[in-house]
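Okay, so chain A shows up in both of these, paired with chain B first and chain C after.
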Partner chain A sequence: MTTTIRPPASGTPTPQRRAAASEPLTFRQRLSRFDVKASPYFYVSPFFILFALVGLFPLIYTLVVSMHEWDLLKGQGPFVGFENFVEILGDSMFWNSIGNTISIFLLSSIPQLTIALIVAYLLDQGLRAPTFWRMSVLLPYIVTPVAVAIIFSSAFNEADGLVNNLLNVFGIADQQWKHDTFLSHVAIATMVNFRWTGYNALILLAAMQSVPRDLYESAAIDGAGAVRRFFSITIPSIRPTLIFVIITATIGGLQIFAEPRLFDVSTAGGIGGSDRQFQTTVLFMWELAFFRRDFGEAAAVAWLLFLLIVAFGLVNFLISRRIATGGDRPNRRTRRARERATRGGAA
Partner chain B sequence: MSTLTPEPIPAVMVDDVEPDRPARPRYDDGSGTPGRRRRRAMGTAGIGSRPGFLTYGLLAAFIIGGAYPLWWSVVVGSGTNATRGETLPLIPGGNFFVNASKVLDAIPFWLALGNSIIISAVITISVVTFSTLAGYAFAKLRFRGRDGLMVFVIATMAIPTQLGIIPLFMVMRELGWTGTIGAVIVPTLVTAFGVFFMRQYLVDVIPDELIEAARVDGANQIRTFFNVALPAARPAMAILGLFTFMMAWTDYLWPLIVLSPTNPTLQTALSQLQSGYYVDYSVVLTGAILATVPLLVLFIVAGKQLISGIMQGAVKG
Partner chain C sequence: MKLSRHTKVAVAIAGAASIALLATACSTGGGEEGDGDITLTVTTFGTFGYDDLYTEYEEANPGVTIEATNIDTGGNARTDAFTKLAAGSGLSDVVAIEEGWLGAIMEVSDQFVDLTDYGIADRKSDWVDWKYEQATDADGRVIGYGTDIGPSGICYNGPALEAAGLPSDRESVAELLNGDWAHYFDVGRQYQQATGKAWFDHSGFVWNSMVNQMPEGYYTSDGELNVEDNADLKANFDLLSGAVGDGLSAAQAAWDWNGGKSFVDGTFATFVCPGWMLGVVEGQVETGGGDASTGWDFADVFPGGAANWGGAFLSVPESSEHKEEAAKLADWLTQPEQQVKQSAAAGNFPSTLGAQETLASEATPNEFFNGAPTGAILAARAEGVVAQFKGPDDSVIQENVFGPALSALDRGEADGTVAWDQAIELLHELVGE
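Our next item is the complex of A and B:
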């Protein structure tokens, strides 16, 4: 197979090689050089070409559509500039959907991250049969969002669903899970939490496992309790992962669709409640495009949602960085513990 | 996202390293080490103590909370619509096959299952292939513009491409693809995440010397890729494949828009079950269970890889 012997890129050339360099390159050498130079581009080009076609182009073209009158059936109308955006920003249903999305997002992400942190902490205790516990925690993740929505939509049924039945046992009257705005948000957030808490717990667990154990030990010797160690050592140490989880939760959480779409289909027709009390923004966009056939306005909603996601991502990034660096100035005890740990490791 | 710098994961977790004692490995399953050593000093709370009843109890409560909704669906799905009215049903009835046959009558279940399998398989093969190629180039080959292109990949990872569905729908209609599974497959043939994931994996796992050696031996670039990169990339390819398959399988919004009820995926077909005014929940929940079975099988076969994928992804970023 030895067809070509190519000189290494750098290094002092030996006399032999110098002689070779002065001669004109053979066809094989040229081929080999072309191979080295061009191959990387061949490898990356399928991704970039396909991504440009099916990812980037639609996103940019959404902007074009949003600046025209554009009907689902009649097609492109006249150019209207930012009129669609003005229309949407003045539409109370848009703001309703934004409010619902943010409410559901907060109701899902905050409890979800809190519980995931606790579960990760429990899983990090050196359990027996860790694989069993990890797999059990992950089980809900394999239920698809549509199935989750169907199961919980049935469980939250107002007349005779599981949740109201259980509440009755404790003497609490039936709740209007599908008609009350706040309660419907709680129900939808529950579906999201059901599926993602275990998943996020495993991500956080991985980060916790890479925290050096001697850090905890030194802190314990210095008299730091479990709670103190958790907030002063664990949280700051897993900061990058925590930020990662929060950002992913934001990007996903603001695009919730299947859950509100399938919650209470039979009476509300799948547009997010009889009063749109749990219509999220993606669901609103879907209704605009495929029920009201207004592609122009739907495209404007897509772009506004995109901006919202970026803004939220940035805000979350900044906040979570601050929270996680709460131990930025670690108190003396932890600092000493850390120092001791490094010294211990070096010895 | 650039703050998420990759950190190497130690293959063997180091316990309490003390200066006068060598590090002990972690006995995750508690086997192989007799006596008191088994009760190793581990964990963040119990320094020097084993996790107690409270730890196991809390975890068990969390897991039951996650599993009961599924079990409840099985119980109701195997009962009648009246089972749902019971307070805390625990024992399955004998109606599962009756309900299952109702599901098969109501929706084109087998067609939907076949469609979902084809769609997810093609997307998985495509994403894994192109991601490995591009990830290898970004990780190990030198070319002009490499860093700029990589930044582009990372930036696009955060962009929700879902928001481009309106032009995408217009294109599919123009091509006459609406209603065909090709329209579901094409938009997800590549993902930026896949490229990033493979690049992060391969950058550590293949020594540059190995590529250099292959070159000295006269292997051309594509041969180097097949003989050096591909064998090393296999574990990451499996994990990426698993996640891509899950993503394609669970997708709902885009198939709902571009497919018709007569040629659905499993997810869109399942959602049709619920659309009538009178809903027989035992049938609907049987559908949910039937649709969960394929992923449950996947979970049983490849659950460990799924877990290690999630946990590696966390540290790798």
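Our next item is the complex of A and C:
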């Protein structure tokens, strides 16, 4: 009997509960539900709120500024649309700065990443006291860019600098490090490389250490030499990290400012050398904004530079994807097609 | 991505820091003032010579603490001040403004306190009349207490002149160089032929002196840009380019001078010296490893007569929280008595008549400059000095228009015609006409 009675007894709460579900929830229940659904967003929100404040808002505000006449001291002027952009795109100094930036970028990124790869590879060879070597490589990164710029500016001093003195030892005449366009780019690229090579090497090293050792062993058994193993196993395996390093190097390389600004102390106007030999785009922007007081055009330069960096980043992403994949590794579509073919053959 | 993580950390730190700053700002605004203790911030540049005066003021005014910042050059001080003005915050309670960029500051003079509210008008007769007028805007507001002015003489290296068979004592040098710029360059040619060395350090400073000496510089007195068709300016440029063509310029990088060594090793023999430059010369010689025995001296002469280059003002920005106290400090610092002490410490030349008289009568020998009575010499050099109107883009024209052109001239990359054309081209691009 009890059993026959029980089911309805126990069954009654169920419809009640169902009814409760369609009835409005209590405050507590709502809160709990809200908590489950919304909390994750709140947990991640500090970053996005701060990003909106210090990243997104300035980005949009810069666009607003770039569409106005805007004096550094006097502030907002009339709306001019894209006139500032037209002005900048027709300015030979802007293109000169772009040329300098790209030149310094190439002179710094390529040797920097090449050396970083080699250093990382060497650090990956099971040295004694690995922490010591790794920290030594990172040491230049601790030095602030300004200090690096001041030290190297002194070293590259044309009359009595360390570099020219060393060249003199080898019988090479003094070089015009601060006046010759190419040499000044080399000097600035050296500062950048000094600071960033070790940092990149460590990131690449971390990636290299996650490459399974048995891959190397089996390759060695198959008769692959060290060089072959490096190009066919190491590089493809660290591809994502390599892409990351290349893209951050691109962003950093196109934003060089402190080094060229401090390379020549005599120019308060920030023109980068006596005749803009090493004025990078960011330095040009600085000159426009803070020396020539034209905030509108400076904002336009900022936006153009932003677009340029995005474009460069994309190009580098595509190139580095191809290089790191290597010629012999087929892409995903071919691989799938091949798999399908083998499966079809088996069937 | 590593970068975003970095950004996050940076952002977090920046956020925390700004909150902390806000908190401290509130606390200083509330708590400390109640006790009457305040901290006044002061920003100066170059060699200002105020350090001992700050201490003196603090002792005389218990409860006032002075936090001083000195920026290396006027050019960098300009950037500092402009950036903070644009940001609307960050300026010190007392800011030193240089004459060269006063023109731009005058366009936003309402961002500075009208010092007539603090009694500057009663002191009007303290200063040379044009100094007070320079700091007065179109509405009659006065925004700066004059500190120093820049009457110019010639610094020269005694041993270098001797080596060329030229006289080296002050009076004879003053006599030797007495004349116009053409004469100064002619003596330079004589020196250059005798020694094979350069006469002056680089064209930029000589050019500044020449331009500052003209009744009207890059702008006419009523504020019109006047460079391209300015025959006097062009004539001076030709004169200078001729001298540079004869090897009179040492093509030095200003504010570096090969780490000061060029002042010591006889790279050049003369140097244009407004009062405030004396401190710069002393500093550079010391940086370059020299001392008083290096033989720099100061002659009571300047090519083309009286000239003023530079000079500064002390202003109180509207953003200051202690306007009255700041004005009081700036007022005190620019009193004749203090200006005399400042001049003794930094070698610059005061803008108040009382201080000028004291310097002229005391004629204290300056040990570094071979015992030359620099103050008295500058007082003599100040006679007949007239202020020149400085337009809003004066410093841009000086640095970024004529700077590159003169550098090309110095290095032999351009002759006078090419360099002038280059300057005009830059003028069109940078300033517009």
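A few notes on this one:
Convention: the second predicted complex is superposed on the first by the 276 of 347 C-alpha atoms of A that agree within 3 Å, B and C clash if a C-alpha of one lies under 4 Å from a C-alpha of the other, contacts with A are read in each partner's own complex, and residues count from 1 in each chain.
In this text, contacts are C-beta pairs under 8 Å (C-beta built on N, C-alpha and C of every residue); 3 or more make two chains touch, one makes a residue touch a chain.
All of these numbers come straight from a predicted model, not from anything done at the bench.
Touch criterion not met for A:T114: it reaches neither chain B nor chain C.
Applying the stated contact rule after C-alpha superposition, one finds that A:F47 touches each of chain B and chain C. By the document's definition of touching, of the two partners only chain C reaches A:D91; chain B does not. By the touch criterion defined above, A:F290 lies against chain B and chain C together after alignment on the C-alpha atoms of chain A. Contacts of A:T26 after superposition on the shared chain: neither chain B nor chain C is touched.
By the touch criterion stated above, A:I151 is placed in contact with chain B alone, chain C being left untouched. Touch criterion met: A:A220 reaches chain B, while chain C stays clear of it. Contact with both chain B and chain C is seen for A:F244 once the two complexes are overlaid on the shared chain. Here chain B and chain C are compared by how many residues of chain A each touches, and B touches more. The residues of chain A shared by its contacts with chain B and with chain C are 46-47, 50-51, 54-55, 154, 157, 160, 203, 244, 251, 265-266, 290, 295.
Residue ranges of chain B in contact with chain A, taken from their complex: 1, 3-5, 7, 9-10, 13-19, 26, 28-30, 40-47, 50-51, 55-56, 58-59, 62-63, 66-67, 69-70, 72-73, 76, 84-88, 130-131, 133-134, 136-138, 141-143, 146, 149, 153, 156, 158-171, 186-190, 192, 195, 212, 215-222, 225, 246, 249-250, 252-253, 257, 266-267, 270-271, 273-279, 281, 284-285, 287-288, 291-292, 295-296, 298-299, 303-304, 306-307, 310-315, 317. For chain A in complex with chain B, the residues that touch the partner chain are 1-6, 8, 32, 35-37, 39-41, 43-44, 46-48, 50-51, 54-59, 61-62, 64-65, 115, 118-119, 121-131, 133-140, 142-147, 149-155, 157, 160-162, 165-166, 168-169, 194, 197-199, 202-214, 216-217, 220, 226, 229-230, 233-234, 240-241, 243-244, 247, 251, 255, 257-258, 261-262, 265-266, 270, 282, 286, 289-290, 295, 298-299, 302-303, 305-306, 309-310, 313, 344-345, 347.
Touching chain C in their complex are the following residues of chain A: 46-47, 50-51, 54-55, 72-74, 91-93, 154, 157, 159-160, 178-179, 203, 244, 248, 251, 264-269, 271, 274-276, 287, 290-293, 295. The touching residues of chain C, when paired with chain A in their complex, are 1-3, 7-8, 11-12, 14-15, 73-76, 78-79, 82-83, 85-86, 104-105, 107-108, 111, 253-256, 258-259, 261-262, 393, 395-396, 399-400, 403-404, 407-408, 411, 429-430.
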